[in-house]
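Common to both upcoming complexes is subunit A, partnered first by subunit B, then by subunit C.
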Partner chain A sequence: MFLLAYLAPGDPVTVFYLSRIGGRYSHAELDYIRQMLGLDQPIHIQYFRWIWRMIQGDFGQSYIWNQPVLPLIRSSILNTLRMMIPAFVLSILFGIVTGVISAAKQYSKTDHIVMASSLLMWSMPWFWSGLMAIYIFSVYLHLLPTGGMYTFGQPPTVVDQISHLIMPVLLYATSGAGFITRLTRSCMLEVLREDYIMTARMKGLKERVVIYKHALRNAILPVVTVVSLYVSYLVGGAAVIEFVFAWPGVGRLAVLAATQRDYPVVLGINMVVATVVLIALLIADISYAYLDPRIRY
Partner chain B sequence: MTWSENWRRFRKNKAALIGGLIVLAVVITAIIAPVISPYNPDDVVAGRLQPPSNKFWFGTDGIGRDCLSRVVWGSRTALMVGLGASLISVIVGVAFGSIAGYYGGIIDDAMMRICEILLVIPSFFLYILIVSIFRVRGPEYIAVLLALTGWTELAKIVRVDFFSLKEREFTKAAIGLGASDIHIIFRYLLPNDLAPIIVVATMNIAGFIIMEAALSFIGLGDPTACSWGIMLSQGRQYIGYAWWLATFPGLATFITAVGFNFLGDGLRDSLDPRLRGTI
Partner chain C sequence: MKKKTSVPIACMVLLSVFALYSSIAQASPDEYFFKVVITIDAADTTGLEFLQGYAVPGMKEIGIDVEIDPVEYTMQMEMLRTQRKPYAEGGWDIQSTYLDIFSDPDQTLQYHSESVPPQGFNYMDYRSADSDQLLETGMSTFDPDERREVYQEFYKLILDELPVIPFYTVEGLHPFRAGIEGIETYAGERVANDDAWCAQFLTGIEGDTFHYAWDWDLDRFLPTFGYASTEGMFMRVFGTNIDGSVRPDLAETWEWAEGHSTLTIHLREDVKWSDGVPFNSTDVKYTYELIMNPDTGSPDYTRMTTMISSIETPDAHTVVLNILPEGRSPALEEVLSWRGMGILPAHVLADVPAEELSESVYNQEPGLVPVTGPYNMIEANTGEYYKWERNPEWPWGPWTTIGPKYVICHVISEKASALAALEAGEVHHISWWYAAETHYEYLEANPDIQLTTGLTDKADGLFINLNHPILCNKWVRKAIANAINSEAYVDDVRYGIGYPTSLPIRRVYWTMEDFPENHLIPYNLAEAKANMEKAGFDYDWLNPTTAVNPLYVGGFLVVGIAVGATIVFVITRVRKPR
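Coming up: the complex of A and B.
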């Protein structure tokens, strides 16, 4: 895993190299800018300097916003988390509940409906459903704001913030819920075939107790594993949602920076997001110990 | 297991059949796009932002091009990206998985670490980085990018299946007869692992099509290309007064993705009953 930290900076070499191929400035101006940014140094020196500074928490200056990269990223990551965490919790709760119901009644009508609708949710281009939601609820019904985090020129109230959160959170949650439903169902089905479930049933326990107490506990572990592996994918999904709803999060920052060739920001974001994902994986690893007493560190 | 038996099981599954029909319809649309699209997709044929009417079923876009024609032609781009990316990811993933699974040991360890690194890097941000550095924006480049980060799942599946297939009698017999590694992999192991590969590849197509639309949508695609994502991103600018711009290409993306996902789901049920009901 730590290899990742060494792998990702492999890119700035190319980045800096390509950014030398000029823009609209004269040669003298370009040379001056290069000197200022330290781009006139040989590649390997730039590279090690970049790594060295990054270790110290200095990700360099943004070319466009003309301020250090790290504070930019920090504030936008907090905004992202503010949207992602409620959405993530919602989609996990919803996904696990529907998945369990569907598995408990395998091949029933409910099961077929849940499976089909979860596949529909999975196939939904979530940025498009975002646009449609904006059109219906904001443009047409004037119920919810089109985007942003709070209304400009008004004191930020809780209601105002929540009304800005509703659409992105719900849409983001549905895009993940379909996947988690299917995952939970297949894990549950696997567990329900185990001998100890048979034992529990033969003990005369209620079906509800068997499902929720005996089966779900054991099925949840593989669900956590797979979901944690897809965290990096989910972060990407969040980026698109942010873009649709003009949410000032890290994904939108990355897109803006990328379209304007602000490499230090794009690189910084890649590093920070990769680190956050690693931390998420670590948390998932640790939570195994709680979910499965057999695992001890 | 014979193919007619597979087909019989596949036919019984309604969702799968619907998925297959949708996919067939999209493929036919893409093939006969020049015949059925009423106008040239790049021609300005009317005033800008005309609402849907008898003449322009899906309305016209920001510079007066016919949206229906653009949606029809966009199916070519979507299929090219989806099928192309899926094909590349199958080649890379299967090659990677077979080598890791067949040889095992230290080779397997090293290769799996590479897989894990790819899985951890937020691929979406990686695309943004690569697209911004190399300025490659065309759908064909996006397809390659998607494939090169999207093959890990396949590699893992093939690897795990190879572990068990390697221990089976027919493989042992082949090894005993002195067959070469390449011969064993292609003749004995891969044919027995075809079902999951086909299923995952089919469902990946849907994912790749959506990802291409997403990348084009946020402004990382080629703005001159005729792609659903590009249309959607233009639709976003006019969402306040031209609902049709975003609605139809998005609907097309959604329906195509549903088609491939249902097809993949049904294929899994019919090709490999052991996998029935798994994700």
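Coming up: the complex of A and C.
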């Protein structure tokens, strides 16, 4: 990861001082800055220095934002979670419910409508749907703010913060729900053809019990796996949505850091996101045991 | 039978036409004398548009084949910095990028033989004894009139030799909400991202807060560490007028000693820091010594230490700079007006070790360092917004009666989102950094938005690698300059925002006063071809009509007919049994 970051052409000094300030500083002057930042050292020295600091809990200083990396990432992740958690919950709830209904009423009008709309929701690119939403609801209808987490310069209120959350959350939630709907439906259809479902029906169980107790519980395992992978989005952020809605989350931070060659921030985000995803996968594995009693650890 | 044969006949005709085209295409390399590769930042969409629509067609017209090579910006910079060889040998031929344009050509470090990287920005490897002499004379001439004459001689030389070919000076488009007045400063006084500074002149804003959008975080609070976006916070000893001339800001007057071994600066006595402490010469001495301290990490360290040897403060409002022999130049005045030269409060920062200042809270948190400028930052939230408040101690602003009390910068990275925020009325202004000129017509049609343009310190142009075996010939470079219709580009694509230029100098600069106005190299293909001929290229060599090889044409026609006849034969044979 460290090597990949450093293999990218250019360095933070070139990007920062030449692209943002202009050509006022000569390359000799920029070499002095590199020296001050330790970027003139051989890559293996930089690597061991980074490792040594990291195991002590110091992820270094951002070259671009001039702040310690961990607090920078922490505040960005919190901002991302503020948007992602409601979006995540909404997408799971909506996706599973519509997926089950769609499977239970296979080839009905409801099924066709749910499938078509889920495909549409899942396939619409965020940069387009986000901007369309902004122009409709903010510019023309003046119902919602165009972006940001709250109205700057005013005391934050709950209503104000919710109004800023609506568009990005719904956009993310509908996209995620579209995917989960399709996945749930196909898993459910597979399970509904099993003999034990037929047995349950022949025993005279109510259809709701058959669907939600017998079918869904068996069909949900692949969904749980995929949803646990979605956790990477939770902490990694959806950079496009964050850019479009000026949301100061970790996805936006990662993209800006990568384009500016801010190695400590890029590496810090990778470490944090990778750790969280591993934990999420572990939790998903453990939850299998609860969902499927045959699984024992 | 007609129906049966119509398809094969159409095939024959198509194949024959294809054969003819192929034979002509085979001849196309002979249309050009040579080929060059123009490297450009792949993200520079307007630059690409310019190259594809105006530069490449013109160059092809005069017999120069062109390939555009879009690369990532840092790769382009790395290439410029390290490569002096032509493209065929692993380097580059022509680089399309922006040129920084200054009043003093020596500040660009671009045209002196000793400014070849890493010392400076002479990427072209331009080595001219005349140029060196003029630059050195200009650097050491203190009389403004004499200096202007020297630099105008230099401009004429550059125009004749064209080591770089500038095409148009970039102007920024500043979109505002309608009804706001006092925005002239955006167009003139300051040319960069200093909206907080300019806000002091604005009127017609509802409420006491001016909101604007910018695409980037304001990352450093102390200007000493380079780019800080704190123009509205820390005044400098000298400022720069719109014509590039130096004016006093924190200074009242200044004078050079005989022999220019010292520069004595008399400071204003009515300036106070925003915490009420009087500003004095100790602050100037502290700031300059901080920059000249190798432990600080200021990007201006090298420049300052090669010009100034020591600093004295004879009294509270006088600073004496002792100048090194190589620093005895009026250019020092302009260096002291750079953004990084904002004066810091010694009474707050002097106890912080120089090596710790960059990462200290003073460089990361707002409100801890008093200022001398019109606004002081009071809130900062990375990725969200920054808020400034008027400095009550600001001594010479007009805002005791006008101007907003607060300024808030909204960080919006996406251009379309910033435009939407402006249209929705959430911000009063979006920065020219968004390059909103691509939406000029759309914005102009909106009655709630007013547009104004302002100069920038950039021009777009071509760096020529003078180590290229053909491009080293100045007549070829002149021909290229003649072959590119930059006026049409500015009018058609940029809606007249910006102006064509042939010099890497802003036309409003004091050094351009009385310079002939007709210096623009005109778009003239006949003259371009005449210049190519002066370079030794004979247009009789290029004759695309004779270059079409009749053997190719005949051969492809025969093949076309044979294939067509075979198809006819197969179809008729297959259909007969039916």
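FYI, the second predicted complex is superposed on the first by the 253 of 297 C-alpha atoms of A that agree within 3 Å, B and C clash if a C-alpha of one lies under 4 Å from a C-alpha of the other, contacts with A are read in each partner's own complex, and residues count from 1 in each chain.
We adopt the following convention: a residue touches a chain if its C-beta (ideal position, glycine included) is under 8 Å from a C-beta of that chain, and two chains touch if they have at least 3 such contacts.
Computed from a predicted structure; not experimentally measured.
Legend: residue contacts after superposition of the two complexes on their common chain; A:S117 is shown touching neither subunit B nor subunit C.
Look at A:S163: by the touch rule set out above, it reaches neither subunit B nor subunit C. By the document's definition of touching, of the two partners only subunit C reaches A:P145; subunit B does not.
Within the superposed three-chain model, A:I269 lies in touch with subunit B and out of touch with subunit C [touch as defined at top]. When the shared chain is aligned, subunit B and subunit C each come close enough to touch A:L131. Residue contacts after overlaying the shared chain place A:V244 against subunit B and subunit C alike.
By the document's definition of touching, neither partner reaches A:S287: not subunit B, not subunit C. Taken together, the two structures place residues 8, 11, 14-15, 18, 131, 134-135, 139, 243-244, 261 of subunit A in contact with subunit B in one case and with subunit C in the other.
Here subunit B touches subunit A in the complex through residues 15, 113, 116-117, 119-126, 128-129, 131-134, 206, 210, 213-214, 217-220, 232, 235-236, 239-240, 243, 246-247, 249-251, 253-254, 257-258, 260-262, 265, 277-279, going by the rule given at the top. Interface of subunit A with subunit B (complex): residues 1, 3-4, 7-8, 11, 14-15, 18, 106, 116, 119-120, 122-125, 127-129, 131-132, 134-135, 139, 182-183, 185-186, 189, 229, 232-233, 235-237, 239-240, 243-244, 251, 254-255, 257-259, 261, 263, 266-267, 269-270, 273-274, 277-278, 281. Listed in rising order, the residues of subunit A touching subunit C in the complex are 8-11, 14-33, 36-37, 61, 64-67, 72, 75-76, 79, 131, 134-135, 138-139, 142, 145-149, 152-153, 243-246, 248-249, 252-253, 256, 261.
Subunit C contributes residues 72-75, 77-78, 81, 99-100, 107-110, 115, 117-121, 209, 211, 216-217, 219-220, 225-227, 297, 299-303, 338-339, 358-359, 363-364, 381-385, 387, 406, 408, 410-414, 416-417, 420-421, 423-424, 426, 457-458 to its touches with subunit A in the complex.
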